[in-house]
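After this come two complexes, each holding subunit A, first together with subunit B and then together with subunit C.
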Partner chain A sequence: MMSNQRKRLNGEREEDDEEDAEGIGEWERAYVDDRSWEALQEDESGLLRPIDNSAIYHAQYRRRLRILSAAAAGTRIQKGLIRYLYIVIDFSRAAAETDFRPSRMAIMAKHVEAFIREFFDQNPLSQIGLVSIKNGVAHTLTDLGGSPESHIQALMGKLEALGDSSLQNALELVHEHLNQVPSYGHREVLILYSALCTCDPGDIMETIQKCKKSKLRCSVIGLSAEMFICKHLCQETGGLYSVAVDEVHLKDLLLEHAPPPPAIAEFAVANLIKMGFPQRAAEGSMAICSCHKDVKIGAGYTCPRCKARVCELPTECTICGLTLVSSPHLARSYHHLFPIAPFDEVPTLSSLNDSRRKLGKCCFGCQQSLLGAGNKQGACVTCRNCKHYFCLDCDIYIHESLHNCPGCESIRRPKSVSLMEE
Partner chain B sequence: MASVASKLYSDDVSLLVLLLDTNPFFWSTTSIKFSQFLSHVLAFLNAVLGLNQLNQVVVIATGYSSCDYIYDSSLTPNGNFESSGSGMPALFGSLLEKLEDFAAKDEELSKEEEHEDRIASSLLSGSLSMALCYIQRVFRSGHLHPQPRILCLQGSPDGPEQYVAVMNSIFSAQRLMVPIDSCYIGTQNSAFLQQASYITGGVHHTPKQLDGLFQYLTTIFATDLHSRGFVQLPKPVGVDFRASCFCHKKTIDMGYICSVCLSIFCEHHKKCSTCGSVFGQSKLDDVSSVSNKKRKAPDT
Partner chain C sequence: MIFKIEDVTVYFPYENIYPEQYEYMVELKRSLDAKGHCLLEMPTGTGKTIALLSLITSYRLSRPDSPIKLVYCTRTVHEMEKTLAELKLLHEYQVRHLGSQAKILAIGLSSRKNLCVNPKVLAAENRDSVDAACRKRTASWVRALSAENPNVELCDYFENYEKAAENALLPPGVYTLEDLRTFGKNRGWCPYFLARHMVQFANVIVYSYQYLLDPKVAGIISKELQKETVVVFDEAHNIDNVCIEALSVSVRRVTLEGANRNLNKIRQEIDRFKATDAGRLRAEYNRLVEGLALRGDLSGTDQWLANPALPHDILKEAVPGNIRRAEHFVHVLRRLLQYLGGRLDTDNVEKESPVSFVSSLNSQAGIEQKTLKFCYDRLQSLMLTLEITDTDDFLPIQTVCDFATLVGTYARGFSIIIEPYDERMPHIPDPILQLSCHDASLAIKPVFDRFQSVVITSGTLSPIDLYPRLLSFNPVVSRSFKMSMTRDCICPMVLTRGSDQLPVSTKFDMRSDPGVVRNYGKFLVEMVSIVPDGVVCFFVSYSYMDGIIATWNETGILKEIMQQKLVFIETQDVVETTLALDNYRRACDCGRGAVFFSVAR
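Let's turn to the complex of A and B:
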C-alpha cells in the first residue's frame, strides 16, 4: 500500500508494470494483461463502442472462400483423398528460440498434435509418418500409420533442440519411405522449418529433382523468415510455402493442410483398392487380438478374409494386409467430393425494393433475427439454389463444419439419378 | 471445437431439440393415429420442461416436402398456458396452431410431386441440419447455456438419396459433442438412425408397443446427459457398418474402392461408373511402378 501511495505522489503512471510486479496492488494486477480500454472505438456520433470483431472475422472468411471458389471455377477438381503424409519437424538449435512462447519446439509440438487429430478426422483413409531433424541427421520418429495416438506419443516423447538442420537429409529419408507407397496414394511432405540455413552433404537441387520425379508434393511452413531454397522446393514440387508470423497464424497455416489438396492431374492414377468391411464381434466372444497379442473379450472386429481380430478401425490387418474400414470412414470424405456452393451476400441497400418482404425476419437455420439496429436489415447471405436467408454465423458453420445447406436439404428434389446411393 | 468444461451451465440443464416426423404417407399406414401420438409427445415435452426450470425444448417438424420450426420454449415467457380470453387455457396452443399450418403447407407442396409405390421418406437431413444450426447458435451465446441434445422421433423409412447429407450432419454433431437420440416407430429398421446414435453417443430404441409411447419416452429419452451415467439405457446392439456396393446394392464385407471418388464395387470393373476414371492407367508413363503395365489387367 505504501508503494502505491508513493507512486501517486510522484505523479508517475507506469504503463508497463511487468518489471515492478511487487509494487502494484492486487486490483492493478488485473489490468496488466487485460487492457480492455484498447478494444474500444468511437462510432460516427462520438460514442464509445467495442470493436466489432465478428464483421472482420466474417469478411476474412468470405475473402478466403472467394479465393477458393475462384480457383475451383465451376470445374470439379480431383482431390487426393488417400494421402500418405510425412511431417518433418526441424529440431535444430533454432527450434529452441523463444520468440514463440515458451519455445518454437513446444509450440510446434502442440500444433502438430492438433493437426494430426484434425487430419485423421478429415482424411480417415490416410496415413501419417513423423521425421525429425537433429544434429544435421534426419530420424524417423514413427512409420506411416493410421492411429493418431501412437504418433502423438512419439512426438511428445522427447522434445530437445540440438545442432544443425539439414533439408537434404530429411528429403532423402522421406523419399526413400514414400517410394514404397502404392501408386494410388498421394505422396505429401509437410516441413516445419525454423532454421535459417541448411547443412547438406550433397547437391540439394538433385534431391529436389528426384522428389519432383517421384511425385512428392512438398510444402514448407517457415517459423523464422522466407528462404529461397524452401520456396524453390515448393515451386518445383507444387506445394505451398508460407511463413508464420505468430502462434495463431501458425495454427491457421497448419490447419490449411488438413483438407485434401488438388491432385496433380498428370500423375493421378485411378486404381481399384481392395478393402474389407469387418463386422463387430459379438459381445462376450473371446479371441486373441492381432495388434496387442493378448486375449480380449468382446468388442473388436473380425477381418473378413483371414478372420483375425483387430481392435479398432481403420487399420490394416496385421495377418493378411487387407485394409479394413467401415462405411462412416468413407462417408467422412464425401463432403470433399460434393462441396456446397458458397452463399451470396445480400446487398444491404435494397431496403426500398420489395425484396424486403420476401426476406423474412429470421435466419432459416437458427431462427436468429436478421434485423440489425433500428429494425433495418442486417448483414445476411442467401443460398442461390433454395433462396433462403442465413445469418453470417450460420454461413461460416455451414461451410466449415456442416457441409449441408439446410434450405436445400429441406426441399424435396424431383427424382433424378443420384450419384451416391447406399 | 471448444472443450466441454467451458460449456457447463449446470449439470442437468438440457436443451432438447425434437425432430417430429409429420410425413403424411407414413402416418396413413400406422396403427396409432397421429393425434394420439401427439398427445404422448406433448405430455413428454411437459415432463422434460418440468424436470428443471431452466430446461428448453425446440420442436422442428420433418415433413415430406419441407421442414420448419414449430415451437421454441424460450420464446413463450408465460409458460405454456395461453388463455384465449375465456374457457380453459390451451396447453401448447401455439405449437398446435403452427403444426396445423405447417401440415397444410406441406400438403400443398406435396401435391406437386408424384407419388411412389413404397412409403416415401421424410426430409430427415433437412431437419437435422436446422437443429445443428440452432444448437450452434446456442453455443455462440456464451458460457452459460444448457447442454443440447437432439431427439429424432421418426417413422418414415430411410431415403438413400439423403445418405451423404445425413452422414455430414452426424459427423458435425460428433464434433460438437451433441448426442443424437432416436426413437424409431416405423416397421422397417432405420440404418441411418442406428448409425447416428452410435457415432454420436446417443440412445437408439424401437418401442414395441406404440400405445405406451409416453412410457418409453420418459424412461429412456428424458434423462439429461449428466444423469445418463447413472441410468441403464438400451445399449447399441448389432449396428451394421458394412457398406453396400453401388452396382447391386447388396451388403458386402469385402469390396473394391475407386481411389478417386471412393465408390464401392463388389467385383472388378474396368471403369468407375461414378467418376468415369479408367482403372490402372496413368496418363504419364509410369517408370517407377512395379506392377505390370498391361492396360487390360489393372492390378491393385
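Let's turn to the complex of A and C:
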C-alpha cells in the first residue's frame, strides 16, 4: 500500500512538473473561473451537503427548450431529413496550436468522431463525407457514405498539421462533390476552421456565389477568432457561424448541427423518393457481398430491386443505386418533423390542495416520489395533453431521447376499447 | 418617419433613428424655443447633419407666421456638398408628405473659383487670380468703358444677369454648387452673383465659416441677414482658431517688397490721372472732406473686401486731413513701410503690445493712431478711384493696410511678435512680423449678438465648458451625447513595457534605441498573429515610420509579419495611398488579412 501510494504520488508529481513547465496547466485553467469549492455548504452536523446541480441543469435545459419552441411557435417547419453533409477540417499549421489541450486537431478529431456518431443516430437516412485542408490544398478523406466506422477510421489515420489554409479550395472541392447529389437531398457543409486567414488562388466571392446558387448551406465553426469572410459565407448561404471559446463549447456547437436544420423555402420541393426496404437474408444463405466483394454466409440484406447483398443498413445499393433503409430508421427521423411540445412547469405552492387533479405523489414516468425535502412539492412538469406529472429528469429524458410522452401513449382510446369489448 | 417633439412635427427622411439623434433634436428644439445659443457634442457618424437639418426645417414649417432662416457654416467645400446632398433628400421627403408648402430655397455659396462658368476666367490658376479676372470684366468702370469701346472684354453671363435685374431669381429647390453652375449655364446668368443676390431670399444658406466670422468677407456677403436666423457651426471644435486667424495678420520681407512695388504703381497711376483726368481725384478729395469715407452705395461688384475690423469698431468719422490727398496718403504708406522694414531687421525675438507699437510708430515715423485706423478704407477708396482691377497684384499693400488698421483699432487682445528666423529653417534669416489675436471671442461676438440662435456642434467638443469661457457667451443648452453601439467595439490599452520588460515609448530620444524598435516589432508580430482580418498601425511621423520599417526589415521582423498578413504602407503621394487603402480593404474582406502602416496627422 505504501509503495502504491508512493507510486501514485510520484506519478502525480511528474504530471504536475510536466504541466507546470508549460505554464498554467489545463487542470488549473478549469478552476480559474469556476471555483466549485466555494459553493460547498455544511449542514448542522458539519457534514458536507451534496451540491444540487440538477436545479441549475434543469433551468438551463428549460430555457433552451423555451427558446426553441418560441422559434417554432406552433408552425411545422419543413426540415431536411435526407442530408448530404461534408465536414471540412482545417489541418493547416494553426491546427497544431495548443490552446485546446492537447492540440486543436486532436480535440477536433475527438469531437468530430462523437459528432459523426450522433449525426447518424439522429439522421439515419443521411450521408457524410470528410475533406481536409492541408498545405493550401483540399483533399477528400472519404467520399459520401453512410457508415460511421469508415469515416472515423479515415479521420484518425492522418492527424498532422502543416502549411496554409485555403477556404476557397475547400469550397470548390465540396461544391464539385455535392453537385452530383440528387436534388431531394439537402446539401450541407460544416467547416471547422482554425486558421486566422485564408490564402486563396482566386476570387473567393465568386465561389461563395456559386455555392449559394447550388443551394449549399455552409456553416462554420471557428476555433481562433471571428473572421469577416466566414461570417459573409454563412450569411450568404444561410448557415450558422459560431466561434468556440473552449472545449466544452466546441462540443456543444458541433452537436447543434446534428439535428436537421430548417429547409430553405424556395429550394425545398416536395418529391417522391424511391426507397427499398430489404429483407434480412436467412441464416445459412451464401452470397457474394457487394460491399466487400467476398463470399459471406448469413447475416445480410437483399436489395429488393437487384437482389444484391448488402451488409448493413442504411446504405445505397452499389449495383443499382437504390437507397436501402429499414422502417425504424424512418421512424427515428419522424420526431424531427413532429417534435413533442415542451411540458408546462407546475407552480410549486398551489396544487397540493387541489383534489380535483390526479396529482398522485409520484412521477408518471419513473414512479419516484415528487415530494422534495420536508413534504413540500418539488419541482415538476406536466404534459398538456395527458395532464400527467413528470419529474425533471424524466422531462429531459422524454424530450432528448425518447421523443414520445408515456402518458399520451398510454391513453386508452375509447374506440379501441369498444372494439375490444365487441 | 414622422414623429412629434412636443408641438413640432418632425419629418425625418429615414426609417430608423438612433436614440442619441432623438435626444439631440429635443435639446436643439429647446434652445430654439428659448431663442438662445447652444453647445451640442455628438460623436461623428451618428447622423448629426440630418438631425440638425430635419429639426430646424420642421421647426420652421410648424411656425409659419415667424419664419426663421438657417445659415449652416461648414469648414470645407466638401462638407458643404455633403450637407446639401442630405438637404436634398430631406427636401424631397418633406415635399412628398406636405406638398408644395414645404418647398424651400437652399443654396450653397462659395468663392468665384467654384461657381464661375466663364471658361476664360476659370483658366486662371488660383483663387485670387480668378477674382482679379472677374473684376476685370465686371467692374463698373470697365462696363462703362465698354459702352464706348467695343474692344473691352466683358463677361456675358454677368451682362445677362444684370439685364434680367429683378427677374433674376432661382426657383425653389436645393442647389449644390454643381446645380448652381448648371442653372447659370442654362440660363446664361452668372451663378456667383446670382447666388450672392439670392442670399436675402433663401431659406437655407450653406457656406464656410469665413463668410460669417472674417470681417473682411462677412461685411459684404452676410450684412443683410436678419435677426431671426439660426446659425449652425458644424465641426466647430477649432472655431476659436478660425476666429483668431480671421483677425491675425503677418508681414514678411517679401510682403514689404511687394507693397513697395504696389506703391510705385499707385504713384504712377496717380501721376497719369493728374495729367489726364484731374477732376476725378479732386472729386474724391471733396467726398472725403464731406465725411464719406467710402463712395456711398457701392455696387456689389466693385466692393472688393470690406474693412478688416469688426463692424462696430469701425469709426464712422471723417477721414483725417493728412491722408485725404492721394499723394499724402502714399507718402504716409511709404513711411509706414520703412518703419516696418526697420523693425524686421532685428536679431532677437520681440513681443510688444499694440499700444506701445503705435506709440513708437508715432515717434519714429510720425504716423498717428487715427491715421492708422483709416488706412484700409482710404486704400480701398483710392483703388476704386484709380480703377485698379488687378486686385491679385495688390495683395501685399492690402495686407499692410490690414495690419495698420487692426493695430490702430485694437488696444487689447492682440500682440505683435517679431521673429527673426522662421521655425522651419532655423539658420536662414527670414523675419516675420505677426499681429496675433489672442481673444477668440472678438471675431465671434458680433455673430452671437446679431443672431437669435447660434448652434455650435461637433464630434469632439471636450472639455465642453471651456467653450463658453473661450468665446465668452452664455449657452442655454450645453450637452454631450454618447454613441449607442450594438456591441463593445473599443478596448483601450496603453503599452509601457515590452515583453522583455524594457520601457518602450515613441519619445524623440528613445526612437532610435534598438531595444525599443525590437520590442515594438515583436509586439506587432504577436498582434498580427492573433487579430483576424485587418490591423491598422499609426506612426507619429513619416520619417519615424520609414526608419522603423527599415530597421524591422533588416532584423527580419517584417518578414514574420508578412507571413501572417499582407503589408500596405501609406506614402505622401495621394494616388498611391488611395490604392493601398483600397487593396487593404479588399484583403480584409476576402479573408487574406492585411496590416496598414499609416501616419496619424
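Observations
Here, the second predicted complex is superposed on the first by the 353 of 422 C-alpha atoms of A that agree within 3 Å, B and C clash if a C-alpha of one lies under 4 Å from a C-alpha of the other, contacts with A are read in each partner's own complex, and residues count from 1 in each chain.
As a working rule, a contact is a pair of C-beta atoms (placed from the backbone, for glycine too) under 8 Å apart; a residue touches a chain by one contact, two chains touch by 3 or more.
Note that the structure is predicted; figures quoted are calculated from it, not measured.
Overlay on subunit A: subunit B and subunit C fit together in the combined arrangement. Residue contacts after overlaying the shared chain place A:Ala331 against subunit B, while subunit C stays out of touching range. Of the two partner chains placed around the shared chain by superposition, neither subunit B nor subunit C is touched by A:Tyr61. After overlaying the two complexes on the shared chain, residue contacts for A:Met227 are found with subunit C alone; subunit B is out of touch. Once the two structures are superposed, subunit B and subunit C can be ranked by residues of subunit A touched, with B on top.
In the superposed model, A:Ile398 lies in contact with subunit B only, and not with subunit C. Here's the short version: in the overlay, subunit B gets within 27 Å of subunit C at its closest Cα pair. Of all residues in subunit C, only 529-533, 564-565, 588-593 touch subunit A in the complex they form. Residues 78, 81-82, 121, 125, 179, 183-185, 214, 265-280, 304-305, 322, 326-328, 330-335, 337-338, 363-368, 393-394, 397-398, 401-406, 409-415, 418-422 of subunit A are the ones touching subunit B in the complex. Residues 167, 196-200, 203-205, 224-230, 232 of subunit A are the ones touching subunit C in the complex.
The touching residues of subunit B, when paired with subunit A in their complex, are 64-69, 72, 109-110, 113-114, 123, 125-127, 129-130, 132-134, 136-137, 140, 160-165, 167-172, 175-176, 195, 199, 238-244, 246, 249, 252-265, 268-269, 272, 274-275, 277-284, 286, 288-289, 291, 298, 300.
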